[in-house]
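A short worksheet on the structure shown next.
The first chain written gets the first letter, and so on, giving A, B, C and D; residue counts start at 1 in each chain.
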Amino acid sequence: MKPHIDAGGVYVIAPTPFHPDGKIDESSIDRMTDFFIKAGADGMTVLGQLGEAPKMTHEESVSIVKRVLARAKFPIVVGVSAPGFAAMRALTQDVMALGAAGVMIAPPNTLRTDDSIVQYYKQASEAIGADVPFVIQDYPLTFSVQMTPTVIKRIVTENPACWFLKHEDWPGLDKISTLKGWERDGSMRKLPILTGNNALFLDFEMERGADGANTGYCFPDMLVDVVRLSKAGKRDEAHDLFDAHLPLIRYEQQPGPGMAVRKYVMMRRGIIASDTLRKPGAALSPAARGEVDYLMARLARTDPRAKV
Amino acid sequence: MKPHIDAGGVYVIAPTPFHPDGKIDESSIDRMTDFFIKAGADGMTVLGQLGEAPKMTHEESVSIVKRVLARAKFPIVVGVSAPGFAAMRALTQDVMALGAAGVMIAPPNTLRTDDSIVQYYKQASEAIGADVPFVIQDYPLTFSVQMTPTVIKRIVTENPACWFLKHEDWPGLDKISTLKGWERDGSMRKLPILTGNNALFLDFEMERGADGANTGYCFPDMLVDVVRLSKAGKRDEAHDLFDAHLPLIRYEQQPGPGMAVRKYVMMRRGIIASDTLRKPGAALSPAARGEVDYLMARLARTDPRAKV
Amino acid sequence: MKPHIDAGGVYVIAPTPFHPDGKIDESSIDRMTDFFIKAGADGMTVLGQLGEAPKMTHEESVSIVKRVLARAKFPIVVGVSAPGFAAMRALTQDVMALGAAGVMIAPPNTLRTDDSIVQYYKQASEAIGADVPFVIQDYPLTFSVQMTPTVIKRIVTENPACWFLKHEDWPGLDKISTLKGWERDGSMRKLPILTGNNALFLDFEMERGADGANTGYCFPDMLVDVVRLSKAGKRDEAHDLFDAHLPLIRYEQQPGPGMAVRKYVMMRRGIIASDTLRKPGAALSPAARGEVDYLMARLARTDPRAKV
Amino acid sequence: MKPHIDAGGVYVIAPTPFHPDGKIDESSIDRMTDFFIKAGADGMTVLGQLGEAPKMTHEESVSIVKRVLARAKFPIVVGVSAPGFAAMRALTQDVMALGAAGVMIAPPNTLRTDDSIVQYYKQASEAIGADVPFVIQDYPLTFSVQMTPTVIKRIVTENPACWFLKHEDWPGLDKISTLKGWERDGSMRKLPILTGNNALFLDFEMERGADGANTGYCFPDMLVDVVRLSKAGKRDEAHDLFDAHLPLIRYEQQPGPGMAVRKYVMMRRGIIASDTLRKPGAALSPAARGEVDYLMARLARTDPRAKV
């Protein structure tokens, strides 16, 4: 895997499955990885926000990556965001040595000026090794860091190892148009854009030029279909499928409970064994579980995958 | 209008219609007010965030309220949020004298501790007059102020003039359950909850016990129907109607462009004459207009109100 | 008064004196203005943060400016920061018509990207009138907006009416050096820099090239002396005087109580009649008053102005 | 070392000395530790913000603690703040096994409500072990988390292992008075308060009832003297000494460059060999070095310790 390599389709953001006692559930990792492969995913990102990365020790993080790599038939991206470069470098070195394709780096939530964001990615790339492909995570809703298209262009231009953009600005449709316009007119090199935000805008993001999805919605198989339909120009079909899932997408996109919703549905679908979150994460309230059940029952009327 | 009075159903959050040159469009105000009345709304809030309140002079604000009150057949709430109590009091006195039913107050985005939020509402109520009914706007996504249920209970208990809660915390379903539980078991007096967030969760908010909606989605007539169906226990019908609108609700809920989307649709529906925003607001990009047109065309397949 | 005009020396930031019942104290305004003139100030800024501007109605704001202008023998700057351009323009027009020399504009605390800050000042200047001299207030500690030197240069270059910089970034010494370097090498037009932050770094700010002070320390007469000594190259003397005041400067610079400290000392010095703050401001605790008294007593050993 | 044990005097916050190439400088650690002992310190905190903790790997952190413990004749506190509990627990277990006296925990900068802060410390204490003495770091200027006295009281009451408060709220004098008042009237158990903020208010903090200092000013020997003089009731002497250092204290308290100032002075004093910071930290500009030299030269007129 080299920098400048392409990326597209669906890179699933994976949760980290735990046993009810909080220990890592390795057979669920296997089952989940197999499920993503069978679903037609093009890659997989582990240890992101939704992988509860900050709740792992270094050793646990490495063990998860090793487990996934043993079965993976696609590129594995590893979230290595950390408050300092030492921990970031240590994890990067270990997972790249194991065979990861690249790493994902989110900006610390204290960055405020354009220059400080650009400088951060420059220093981070130097710290982890200038040949290690990295993904920019642009997620202001969670990180409070706002990157203009110009800032992203500067990062891409200064860092040959910049691999792709996990785009989850909100709102962000015009941002995709701007970046893809620069790519087309040659003022910026190719920058694959995979979108996040739990796919809340995937329908239109694809139409604006995104290359695919990089998110953790509990039906990654649906994401694969929407991306395929959209790329094939089947606009109405893509929207029909997307709209059927939108009530659940919207429900799952809530910060906080969203992670519990995702694990709960994946448990109900038989992909992982338990919906346990590590602290400070909390389980869904009974009312919330009932609502998710209701949404799945409604979805099952048109999408048989929701029949569980 | 007295404090402690009930509130329920749909209180529409109204935009402020402008002519293309930025002047206030009084005939559009009239047409819009009539439309809301005919749509079955139970009340109307003017000069909120979506009414572009900070862009008006005091005189303009008063003139808008006067215009609306001349036709209104339901309670009018006026947003009076301001960086200081002097401007808040001045506007409150003028609009209450004209016949407004109450005012809405958002917390300044610098409040951080529970006590500082409670104290702010205490001082604000004293500043505007302890007999003026006021609405709490709980909207952390925009104001960065997080109010726990306990904080809301303290505000309600300390201030007899607290009228209802404009609930738009996110996520917020369990918050409604908590507050309504306290109301039921008598540990908090009756606090009507009308929900905002562009109705993104209205379906479940009603089922958690909310009393209605207080938001500005461009089809307030749909909100009226969903609230009615939900109160009548017609769960599936409520969700069917809601889900048909969800792709547009979601699109309109984006911070920033959301206001432009709303005005654009209301213009297309013939409710207002122009979708002009005052600066620093910006018009929709052509791509965004096309997307809204597409969403309306899809919606028109099941909801004839979207045929325009 | 025209844009591009110079500025230097000490522009005192004035508090707004109130009677104990919260009404504006006009004779204290007169006495204070006379005191600043006699102290050798070169200008005066009213209705800044420390002038409790957000707590005034429009009419009160205008009346304060009128009162000060009646006696002023130097340029008067008026703080017109507001959440929207309508109120900003209304106040600007009224005070410029009365004879103010220019206005001061702080950025709203929601701005995050370089472009958004530059655009804000562009739109603000257009809104108030492109010929109205305006002052940039760069105060990240209070406004959470961080302006790099490049951003300031862009604002200065795009807006002929940009008059001077109220510099109170923290830390900010190297920022002054950078901006003054650009001024010297011709890559930026002349931008007078007057420093704030309650003068906490005035000693070195002057040595880095600042043109003076624009702050509200309760001994503006000392600021005048330090600026004069520093400009005359009397480094040690400037520091000796400054250091004698530093314990009180430091105490007064605390956000929150700082305003109360300032008014309390000015009351003790006989400059204003009462140290009343409007809500939500609070009086000093008895312990804090005792501490200020102690600091003044210590200061009086070397600076007779502190003997009161 | 058991919870509830007392703490007082000066617990020095130690920088982490590096060689110019960024490697940990172990002989400087030794020299620095010996210096603090000789200076009369009562304890020492390593791996705080100023110890550049986030820039260390786990192994480096452990090695630093081991090195310090080998010479320490007083309690060692270890900063273990981390984005998740797994890393926090791992470091705590290792350093407590080595003989550390306790750990310091700062709140993540995303906490907003009173309850979320209280819950965080509860969960953190459970995660590291309910018998491990921990220090609350209350530093809103850096962490953007505001703890009211009531919140601190709740943390102290719920967690027997809460050892002392590193108080660096700003402003914070009345907070000390409130907490010490509760301690005196028995409504809160004994909570030692050691103050930070680079000692900017140490003079009055001691008079408000603080038990000592817990900060990293480059003259910890001066802190020891001020605390001793203040406890002995020698108010004027304490202030005289403090005031002589205030110009440098103030200079060193600047966020960002402050760390470089501290290391530069400690290098000049011969306590550490190099003033190197790890990235993203930056060296002082030549102008800043000149300013620090000037401040030290002035200080040397009254305090011979500054003659270097």
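In this section, contacts are C-beta pairs under 8 Å (C-beta built on N, C-alpha and C of every residue); 3 or more make two chains touch, one makes a residue touch a chain.
These numbers were taken from a predicted model, which means no experiment stands behind them.
Undergrad: Decide which interface, A-C or A-D, involves more C-beta pairs in contact, and give its chain pair.
TA: The comparison resolves to A-D.
Undergrad: Since chain C and chain D are copies that touch, is their contact same (over half of the numbers shared) or different (under half)?
TA: Copies use mostly the same positions to touch.
Undergrad: Between chain C and chain D, what is the gap in Å from one C-alpha centre to the other?
TA: 33
Undergrad: Taking each chain's centre as the mean of its CA atoms, how far is chain A from chain D in angstrom?
TA: 38
Undergrad: Could you tell me the distance, in whole angstrom, between the mean C-alpha positions of chain A and chain C?
TA: That gives a centre separation of 47 Å.
Undergrad: Quick check: what residues of chain D touch more than one other chain, meaning two or more?
TA: Where chain D is concerned, no single residue meets two or more other chains.
Undergrad: Mapping chain-to-chain touches, which pattern fits: line, ring, star, complete or other?
TA: Shape = complete; every chain linked to every other.
Undergrad: Within the complex, which stretch of chain A touches chain C?
TA: Per the stated touch rule, the residues are 112-115, 140, 144-148, 150-151.
Undergrad: For the complex, which residues does chain D have touching chain A?
TA: 52-58, 60, 82-87, 90, 109-110, 119-120, 123, 127, 278-280
Undergrad: Where on chain C is chain D touching in the complex?
TA: For chain C paired with chain D, touching residues are 170-171, 173-174, 177, 200-201, 203-204, 207-208, 239, 243, 246-247, 250-251, 254-258, 285, 287-288, 291, 298.
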